[in-house]
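Here chain A shows up in two complexes: once beside chain B, once beside chain C.
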Partner chain A sequence: MKIFKLILKNFKRHKLRLSLTIVGIAIAVMAFSLLRTVITAWNAGVDIAAPNRVVTSHAVSFIMPLPISYRDKIAKIPGIESITYANWFQGIYKDKNQFFPRMAIDAETFFDVYYEYKVDTSIYLDAMKKQRNGCIIGKKIAKEYNLTIGDKMIVDGDIYPGRWEFEVVGYYSGKGNPKVDETWMVFNWSYLDEQLRQSQSGRGGFVGWYVFKVKDPNKIAEISDAIDKEFFNSYAKTKTQTEQAFNQSFVSMSGAILSAIEFVSFVIIGILFLVLANTMIMSARERIREYAVLKTLGFTTSHLVLLITGEAIIISLVGGSVGIAVTFPIVDVLAEAFARIFPIFIVANSTLVIAVSFIIVAGIISSLVPLYRSIKMSIVDGLRFIG
Partner chain B sequence: MSNNNTIVSVQQISKSYWRDSLEIPVLQNISFDIPEGEFLSLMGPSGSGKTTLLNLIAGIDRPTSGKISVAGTDVTSLGESALAKWRANSVGFVFQFYNLMPVLTAFENVELPLLLTNLKKKERKEHVEQVLNVVGLGDRMDHSPKQLSGGQQQRVAIARAIVTDPTLLVADEPTGDLDKHSAEEIMILLERLNRELKKTIVMVTHDPRAAEKAHTTRHLDKGELS
Partner chain C sequence: MKIPFSYTFRSLWTRRLTTIMTIAGVALVVFVFAAVLMLAYGVEKTMVDTGSENNVICLRKASQGELASQVDRDAINNIKTYPEIKLSNDGKPLASNELYTIINLTKIETNDMGNVAIRGVEPAAFELRSHVNIIDGKMFGLGINEIIIGANIHKRFYGCNIGNELAFGGEQWKIVGIFEANGTGFESEVWGDVNRFMTAFDRANVFSALTFALNNIDDFSTVQKRVEEDPRFNYVELKREKVYYREQSEIMAGFIRILGTTITIIFSFGAMIGAMITMYSAVANRTIEVGTLRALGFRRKNILSAFLFESLTIALLGAGIGIALASFLQFFSLSTINWGTFSEFAFGFELSSDIIIYSFIFSIVMGIVGGFFPAVRAARLNIVNALRAS
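And then the complex of A and B:
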C-alpha cells in the first residue's frame, strides 16, 4: 500500500508522456480486440453449432444435391431424434450487395431441429405452412428492410433462375441469445420443389443437405457411419459430420485470411509491448539516482520490483481498460454496419481474457529491463549518475 | 584499538577500483576509530578518497579488504539484504545535492525511511512533524522540493536522515551546493544535532568553514589518512 502510493506519485512526473503511452496502449488493445472479434465472428458458425446436431451432405461437395428420398431412410436409423432438410436458394433481393442467407426449408421440422431459433408456432409457422410462398424472416432483416407481415419480397433467382415472389408471414429471433443469426429468410421447400418440377423438371425432388438431432451426442460417430454406409453404393454418396465440422469446412476456405488477421493482431500486441517498454525504460533511466537513494535508505530489491513492475502493470491496465471499454461501442457500431456479413459480431469472453492476459504480461515484461538495471546498479554508481 | 565508547571502528581498510584490467587504489590500509557523539570532518583534495571512505562507513560500498564495525556490527560481513536493513535502522544520509524525490512533498520525503518500519500512519506523522520542526520547516511540510530553496531542501534531507533516529549520521559535502548563508544555517543545524541529540556525525567537506564546526578534522590524501 505504501509502495502503491509512491507509484501513484510517480504518475505526476510526465503527464503528457504518460497520457500518450496510455492512449497508445488503449489503441493497441482496441485494435487487437476488434481483430479478434472479426475472427470470432468469422468462426461464429462453428462456435454456435449445437453439439447434438449432425449434417448429411453430398460426399463430393455440399453444393451437390441429395434426393429427398434419403430423408425417410436416414430417419429410420436408430438414434436420430428429428430430421429436417434445406436448400441454399440465395438469389438477388433488391441488388447484389443485399446479402443475407435465403433458404428453402421444411416448415414442419426445421424449427424443431434448429431449436434455438424461436418462432411463434401457432401464428407464424402455421401461416407459412398454409401459404405456399410464405416466408419467415429474422428480426434483424425485418428491422433493416422495414419488412412487416404481408410485405412482398421479390427475389431474382440465380441458382434457381426466375422471378420469385415471397410474402412475409412471420418472424423468428434468438430471444436474446446473441449467438442466433437473425438475418435468415426461410420459405417452404415445397414451394421451390413445385416450381422446379414445373419449370426445370430434372431439378425437382432434391435437397441441399439434411440436418438432424441425435438423442445421444456420444453416438454421433456411429450414426454418421451408418448413414454414409447406407448410401455408399448410391449414385449420390453422403458425407455425414457434426454441424460444427460442417460449418468449419466453410471457415477453412478463408483460412489464409484468418491467419493473416490473427498474425496482425499479435503484431499489434508486440507494438503494445514496445510502447510500454519504451516508456518504462525512459522513466527508469531518469530515476536511476532516485532508485540509488531509495536503496541507500534501505529499500530492497523486492521494493524496487513492486515499484517498477507495479507502475508498468498499472499503466498497462489503465491503457488496456480504456482500450477494452472503447471496443464495445465500436463493435456495436460495426455490428450494425456489417450485420449481413457478420450476423454475430460480439466481443467474445475469450477475447477479453486474452486481451487482459496480454495487458498484464506486457506490464511485467516491459519492466524487466529497467528492473534488471536498477537492481544490478551499485548505489555508488547510481548516486553518481547524471541523467 | 577500539575504546569502550567507539561507535565506528575502521580496521585496515583498502579500496581499489578497476578500470578494465587496471587497478586503481583509492584507500590503502586505513585504520581509525570514531567515538560516540563525535562530529568528525574528513577533508582532502578531489580524488583523495573522502567520499569512498564515507560510503564504506555508511555501508553503501564494500571495501576490497579490511573491516568496518559500526555500533558493534561488522558492516563488511553483512549480505545485501541485511545491509539494506542495517542502513535503514542505523545510518542517516545527507547528500550534497539533497536527493529528494521531486514528486513528494517535504513531509512525504521525510516519511520515506519510515515506510520501511512497522510504524502506523499516525505514529509516522508524529515523527515526521517532530523532525521537520527540529529543522525549522514545520510550516513547509506540504511544499514540494521545487517550492523550497536549496538550504530548505537540505534541511528536509537532514530531517529525512534523522527521522529514524539512526546511530550514525553521514554527510557528503552537505554545504557544497549552497550559498554562504544557507551553508552556515546547515552547519549550525548539524552542530545542534550533534550537541543536543548526541548524534555521531561523519562529514566530508571541502569547505574549511564547515570543517571548523566539527570536533575533529582528519585529512585524506592519496588514499592515506593523517
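And then the complex of A and C:
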C-alpha cells in the first residue's frame, strides 16, 4: 500500500510528461484497435456465413456461369433441404463509386435459403413475384439512397450490357441480426434471363452460382463430393464448398493487403512501447539517487519492482483505457462512412483482449531497463549520481 | 554567438538510451510512411507501365475493364481498317483482337485460390507490346492448345512450369513458354491464341477488346471522333492503353495511399509526443546548464536554436534509418488482387527520390513540432532561477 502511495506521489512530479505519455499511449492503442477493426470488417464475410449453407460454383472461376439445368440434378442429391441460385449483376448505379451488391435471384427460393434475411413474404415478396422488374433492397440502401416503394432504379449494365430499369417493391432487413448485410439489391433472375434471351441468345439459361441449405452440417463434405462428381465429366465442372470457404476465397484475394495492415498494427505496438519505455527510463534516471536512498532505508528489490513496474503498468493502463474509450465513438463514425465497403464494422472482443494484453506487456517490458539499472546499482554509486 | 554543434551531440550522447529510443520511434514512423508510399508507387508503376502511350484499347462503354467488356467482331473488323492504325512489316494493321477472362489457380505461398488473368492474343500483340519477351521455352503455336505464362505466374502458382498442362474452357492447355514484360502487369497473365480461346470459351463473335497501335501518337482524337460519330459503334469507347491501365490501378493505389496516410499521421502524433517527452526532459535535466550558458553570454535565441537543432538531429537520424530500412523492402514483392481487373497481380515496393524527399520533410516537421515547445521553455528560463535550480 505504501508503495502505491509512492507511485501516486511520483505521478505528480512531471505532470506534463505523464500526460504526454498517456496521450501517446492512447493514440497508439486507438490506432491499433482501428486497424484491427478494419481487418475484422474485411473478414466479416467469413463470420457471417451460415454453417449450413453451401455454394456450388464453376470449378474454373466463379465468374463463369453454370447451366440452370444443374439445379434439379443438385436438388436430387440427398441431404439438401432447399436450393436457390443467383447471378452477380453489378452494373453502374448513379456512378461507379456507388458500390453495393446487385444480384439476380430466384424470388421463390432465395429467402428460404438465406433464412436470416427477413422479408415480408405476403407483401414484398409477392409483389416481386408479380412485377417482372421488381427489386427488393436492404434497409441500409433504402435509407442511404432514400428509396421507397415505387421508386425506379436505373442501372447501366457492365457484365450484362444495356440500360436496366428496376422498380423498388420491397425491403429486407436482418431484424437486428448484426450478421445480415443490409446493402444488397436483389431482383428477379427470370427478368434477367428473359432480357438476355432476347438480346444475346447465347447467354440465356445460366446462373452464377447455386446456394443450398443442408439438413445436417456434418454431411457437407459428403454432399459436396457427390455434387462435384456428378458434374465431373460435364462441360462445366463444379466446385462445391461451404459458404464460409466461398467467402473466404474472396477475402484471401486481398490477403497481402490484409497482412500489411496486420504488420502495421504491430508496428504501432512498437511505438507504444518506445514512448512508454522512454518515459520510464527518463524517470528512473532522474530518481537514481532516490532509489539509493530507498535501498539505504531497507527497501528490498521486490519493493523496487512494485514501484517501477507498477508505475509503468498503471500509466500504460490509463493510456490504454483512454485509447479504447475513444475508439468506440470513432468506429461509430467510420461505420457510417464505410457502410457500403464494410457493411459490418464493429470492434470485436478479440481486438479488446489483444489490445489490453499488449498494454500490460508493454508496461512490464518498458520497466525492465530502469529496473535492471536500479537493482544492479550499488547504493554508493546511486547516491553519488549527478544526472 | 552560436552554441557549438558539439554541445548538442554530447548532450544526445549523455542520454544515449533515451536518444536511441526516440530515434527508433521516428525511424519506425518514417519506415511505415516510406513503405506505404513505395507500395502505392509500386502499384502505379507496375500498372501504368503496362500500357504504351501509342496503343489504343477499344472497350464497351460502362464496362469498367476488359473482364466485363464485349466488342463484336463486326466492330473490330471495321475499326481495324482505319488509316490511322500503324501497319506491321507484312502490311497488316498492327492490332490484336483479345479475349480476357480469369481462372482459378492455387497460390504456392498461401495455398489459397488466386484469380489468374487469361489473355487470348493475335501474333501482332508481341509487336504492339514490345516489352513482352519470351525468356524460356517457345512461342505458343496458332490453332493449337498451347499457352505461355508470365514470369510472376510461373513463380507464384502451382503447376505453372513448361511442359505442364492447365485445365480451363473445358480443355487442356500445354505450357510451352515463360515470358517477361519489364516487370509490368502482363507478367501476371497467361497468353494464348485468341481464336483458340474463343472456341474453347464458346464466345462466338464477341471479343473482350481490341488493341491497336497508332501511326502517329496525336491521331488519337481523330480515331476517337470517328468511332463516336459512327452509329454502329455507339456502344464502344476508345482509351489510350496507358490511360486505361492507370485507371485500373487507381482504386488500389488510392486505397493504399489513403489508408497508409491516415495510419502514418496517427503514428506521427505518437512519434512527436515521444520527441516532445525526450526534449522536455532534456530541458528539465539541463536547467543549470542552460542557466550557465545564458550567464556565459549566449542569447535566448541561441538556446532556442540549440534545442531545436537537437530535436531536428534526432528526427533526421530517425528519417535516415527509416529510409535505409525501407529501401530494403525493394527486394520484396507482393501479390494481391487488383480490384480494377479482378485478377491477381504482383508488384514490388518502389523507392523514388520524391519519396525520400517527402520522408525527410515529414521527419523535419515531426522534429520541429516535437522540439519547439520544449525549446521555447528552455529559452524562457530566467538566468538566476535556472542557476539556482537543484
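Here are a few things to note about the model shown:
The criterion applied here is as follows: the second predicted complex is superposed on the first by the 385 of 387 C-alpha atoms of A that agree within 3 Å, B and C clash if a C-alpha of one lies under 4 Å from a C-alpha of the other, contacts with A are read in each partner's own complex, and residues count from 1 in each chain.
Note that in this section contacts are C-beta pairs under 8 Å (C-beta built on N, C-alpha and C of every residue); 3 or more make two chains touch, one makes a residue touch a chain.
Quick caveat, the model's predicted, so the values are computed rather than measured.
Of the two partner chains, chain C is the only one touched by A:M30; chain B is not.
Contacts of A:Y235 after superposition: chain C is touched, whereas chain B is not reached. Of the two partner chains placed by the overlay, neither chain B nor chain C lies in contact with A:K376.
Once chain A of one complex is fitted onto chain A of the other, the partner contacts of A:R13 are limited to chain B, with no touch recorded for chain C. Contact with chain B, but none with chain C, is seen for A:K2 once the two complexes are overlaid on the shared chain. Taking chain A as the reference, the larger set of touched residues comes from C, when chain B and chain C are compared. With both structures placed on the common chain, the touch criterion links A:F299 to chain B but leaves chain C unconnected.
In the overlay built on the shared chain, the residue A:I257 is in contact with chain C alone; chain B does not reach it.
Contacts from chain A toward chain B in the complex involve residues 2-3, 6, 9-10, 12-13, 289-290, 293-301, 378-380, 383. Contact residues on chain B toward chain A in their complex (touch as defined above): 55, 58, 60-61, 80-81, 84-85, 87-89, 93, 95, 99, 101-104, 108, 112-113, 115-116, 160.
Those residues of chain A that touch chain C in the shared complex are 14, 16-17, 20-21, 23-24, 27-28, 30-31, 35, 38, 59-64, 90-92, 96, 156-159, 161, 202, 235-236, 249, 252-257, 260-261, 264, 267-268, 270-272, 274-275, 277-279, 281-282, 285-286, 369, 387.
Against chain A, in their complex, chain C makes its touches with residues 15, 17-18, 21-22, 24-25, 28-29, 31-32, 39, 60, 62-64, 67-68, 70, 101-104, 110, 112-115, 167-170, 202, 204, 235, 255-256, 259, 263, 266-267, 269-271, 273-274, 276-278, 280-281, 284-285, 334-337, 342, 344.
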